[in-house]
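Per-chain residue numbering starts at 1, and chain names A, B, C and D are given in the order in which the chains are listed.
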Amino acid sequence: MPQATSVSASQNNAAHRPAGWGRWGDDDERGALNTLGPAALTRGMACVTEGRSLSLTAPVVPGRGTGAVGRPDPAHFMLRDGGDYAAGHPERGGFAFADDVIQIPTHGVTHFDALSHVWRDGLMYNGHPASAVSSRGARRLGIETAGPVVTRGVLVDLVPAAASWLPGSTSVGVDELRALLDRTGVTLESGDALLVRTGWLEAWQQGQNTDGVWPGLDADCAEWLSEQDLSVLGADNIGVEAYPSSDPECQVPLHLALLRGHGVFFCELMALAELAASGRSTFLFVANPLPVAGGVGGPVCPVAIL
Amino acid sequence: MPQATSVSASQNNAAHRPAGWGRWGDDDERGALNTLGPAALTRGMACVTEGRSLSLTAPVVPGRGTGAVGRPDPAHFMLRDGGDYAAGHPERGGFAFADDVIQIPTHGVTHFDALSHVWRDGLMYNGHPASAVSSRGARRLGIETAGPVVTRGVLVDLVPAAASWLPGSTSVGVDELRALLDRTGVTLESGDALLVRTGWLEAWQQGQNTDGVWPGLDADCAEWLSEQDLSVLGADNIGVEAYPSSDPECQVPLHLALLRGHGVFFCELMALAELAASGRSTFLFVANPLPVAGGVGGPVCPVAIL
Amino acid sequence: MPQATSVSASQNNAAHRPAGWGRWGDDDERGALNTLGPAALTRGMACVTEGRSLSLTAPVVPGRGTGAVGRPDPAHFMLRDGGDYAAGHPERGGFAFADDVIQIPTHGVTHFDALSHVWRDGLMYNGHPASAVSSRGARRLGIETAGPVVTRGVLVDLVPAAASWLPGSTSVGVDELRALLDRTGVTLESGDALLVRTGWLEAWQQGQNTDGVWPGLDADCAEWLSEQDLSVLGADNIGVEAYPSSDPECQVPLHLALLRGHGVFFCELMALAELAASGRSTFLFVANPLPVAGGVGGPVCPVAIL
Amino acid sequence: MPQATSVSASQNNAAHRPAGWGRWGDDDERGALNTLGPAALTRGMACVTEGRSLSLTAPVVPGRGTGAVGRPDPAHFMLRDGGDYAAGHPERGGFAFADDVIQIPTHGVTHFDALSHVWRDGLMYNGHPASAVSSRGARRLGIETAGPVVTRGVLVDLVPAAASWLPGSTSVGVDELRALLDRTGVTLESGDALLVRTGWLEAWQQGQNTDGVWPGLDADCAEWLSEQDLSVLGADNIGVEAYPSSDPECQVPLHLALLRGHGVFFCELMALAELAASGRSTFLFVANPLPVAGGVGGPVCPVAIL
């Protein structure tokens, strides 16, 4: 197994080695996407009853970032537009066109975290060294290794019926999560994509959020979620799990337990309001992150097929 | 209907008004995506027999543009990486992370053309004025109006069995296109996504292309393709249609006839080699372009479900 | 003289034609920089008595924009850094290096306005049509036409001795400006660079500014300033003149009178505190804006030689 | 003195410690700019005889990079332009304006290398650790520490009278350099800015260069140049010194000897043709690099005053 130079042998011994590492081979870079296949795909297909689709993607609005420190706002630059022709640029060959460029903080729009997004003790998922992530991007675990996700999606709406969103840094613990899931009547299966809604996106779109604080899942969900063998864990907030965390020793315990420990892909800043309003708990989930070579995150436009 | 100030009444009279305008109302901005719905979705679902999926998306490689004049290369910038920690930045709160920014010419990666991408005589699809497209982006027909496409996909491989790709600016006429389609045994239906493969992407990836020249469909396909009532017309080249065009009066006759005339969405720079190699002609096609507010194109990561 | 298509003949008749147009020929693009030459340069040189220099340039701080609507923050991206080597990238050929990219809103750092930055009735300085400024940049009056400015600089500190800066949108009228200038004992001459200090930059650096409001010169300075035949008019705020303006019909009357009317170059967001603290009113002023081909503004790093 | 963690004590012992380190204190970050002051400034002023100025800055042309691997081309994006108004955006408050953004590879235009640009054995100038240069930029030796350079400039034209430029990777050795300097009759003094012309810029502008190869000074100039106590060493090519280098063990021996060893600032990609054509060997040299906080290079627009 590759070793980061700054990691001592003791930090990588059996006691520290997550149970999920090595499950799909020591070189594996796809993590929990290995749970996908005909079974998950067919299970998802079986949920399609209405013949309609919903986008789970938040609009990318130039100049409107999520306020995360150090991340620039999305930007949109026009290379050619209708004004150029209005100003006298002639149409040629019988036509005119517009062209543009976008600049996007990958973790500032609806996106998948690559498995190279977070680590501890210098080691990422499956023991790949963090030193593989340099100014030239991720040589291991880049988002281009993911590929399409086609599976059953399961939605759990964490927002009480009487509320529009969970306030502040409200964290939803494992007991409540399980109770809400039970109410849907769904039993999670290997390869499912579990999506949780906090209402954060709607609050942010209405200017209601405090920078750097958001509601989400509690640290105590880690073990139970690990046992569910999910392919994807998604939410409509910045980090799936609540921030700040209730874990005094780690601010992103679910990322470490699930993404780093088991290779589960986190899908963040999703648009889940319309799906929640549909009343549907299960659906065919299709997502394919933008395969930026070496990207540590990838914009993604997931679709729920109902 | 909105009018561009520079367009005289005579240019917008009945004789010049495409037959497809007004079909879904004078304010419509979704064009041929209006053909989608339960019927198309169900027809696509019926094609799924193997339970597997393929990405039809070309990798986004920083520094490697398609050579189109005036379009910058895709770029990838790291905001935080493993090297920062190796150089002494401390892990905090029990974790470390990487973050990045991407800069993308929307028409230089696998993408949907927005209906605001091309026009003639100052008018875009459905008579929307080109003056709506300014430095602040497209106020009408921006890519954010599209939403997900879930329908039956049909692949026609234009590359002869003995070749790797069509050379130069080879154009495939309507007779050959129909003959190739007939061989697949498929009859196109309203709302289908028709994808044609020229091999251009593989040639480009191997450094074989001349800038500004590519193979594709011939101008004489316009009328027949219009009659097929497609939602999406896709290809693995820069512009679906061959360039230069065989039409002496217009260099992008298919864009004008189909995109401008009927609101058909063009999907370009697709990765179709693996799909072609599968031998499958029909499949469930799922695509959801990145909803950049005001974008005249949108990166998209289509999936074929077989 | 070129004509913008949207400008009627009546708008460009003698009554509307600024007195400064045509002074250096109908094709001139350098405006008031034509006043420069050996006389101005020698006059500036004669001010050098101490043999020291000061930068009049504000630091460019990534992520810290001036809050002007629609302008992105400056950004700084590393292409290669020390962390890459710490993470294992080997030094080659006996050395290592760092490399970077900057992204700058030209009017959001210390800059010269190009003469293509503002206009009225479709006409820029000297009657050049605004239609020459398109998505591809300025075909006329781009900042690359400026070249170096070497002349006498004259500083007038508008901030009272007891204050750190002028508050809000305080405007300093022509009488006060002339009185303050008189106190310095300097008589302006053709080609001088006049710099006025409002303290805005220091206030902004300390987080004291309200977006979109700043102190500066009053609209009533237009005529007198025009008569001074300056090459450059500079300040430490966003727009030299106070905003909002006291002129109910125009928000940037000094830009129109001086930049558009006489081709005077505006230098904005300057750092003038250290120069003001020196007690010097005259000095050799050297500035050479970044010659971006087609730029409507240019970052500049002026130097005062005392 | 700060120590990079990866540097063993033996690498930083007296034998490896450049003679120039510590000359201005162990914390110094301005290097050879400490040689500047009234003497150098006055010596430069004394060269001004004609009262005219020349820009030594190459135009920044969007889409036209120097071909250095991994560096994006300069880009220019318009945020607002004349076309927007032509397309119907109304002038407000009696005026209209244009606005833009530039994106620049700092080492791909006329620039100063920051002292954080190159290093060896993990140590930069004066022993500052390379680990101080991370994805957030240079915490030590960033270009913002430089400030203005006002001194005597000395030009040596390396191009023979009969040629337009030096071909390929021609290297000019110390004997030839000294002979050419002797012909000018100038004796270098402490703090001078020495500029050498190879003609590379003109060749590049005419499309004559091979990527990654350029003419310049030979490795054997290192010792003699170190003795001259220059503040700035400039050239019209990518790296001042010829590339590839004649030194089999190091590809940038002059950078290491002068920039790293003595804190001399390198100014590259200068425009020197007009200055060379003037026949002048000495002049007042004024340069002030863009003070990007943490930048490892800074665009600069030097001026020669004759």
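FYI, a contact is a pair of C-beta atoms (placed from the backbone, for glycine too) under 8 Å apart; a residue touches a chain by one contact, two chains touch by 3 or more.
In UniProt terms, the chains line up like this: A, B, C, D = Cyclase family protein.
The model shown is predicted, which means the values in this text are computed figures rather than measured ones.
Over half of the residue numbers at the interface between copies chain C and chain D are found on both sides, making the touching surfaces mostly the same. The centroid of the Cα atoms in chain A and the matching centroid in chain C are 45 Å apart. Each chain gets one centre point, the mean of its Cα atoms, and the points for chain C and chain D are 26 Å apart. The residues of chain C that reach two or more other chains are 5, 70, 72, 78-89, 101, 130-136, listed in rising order. Because contacts link each chain to all the remaining chains, their graph is best described as complete. Considering their complex, residues 77-79, 81-89, 101, 135 of chain A touch chain D.
Here chain B touches chain D in the complex through residues 5, 63, 70, 72-73, 75, 78-81, 83-84, 87-89, 130-136, going by the rule given at the top. Listed in rising order, the residues of chain D touching chain C in the complex are 4-6, 37-39, 41-42, 45, 48, 50-55, 57-62, 70-72, 74, 76, 78-83, 85-86, 91-107, 109, 116-122, 129-138, 144, 147-148, 150, 245, 247, 249-253, 255-256, 286, 288-297, 299-303, 305.
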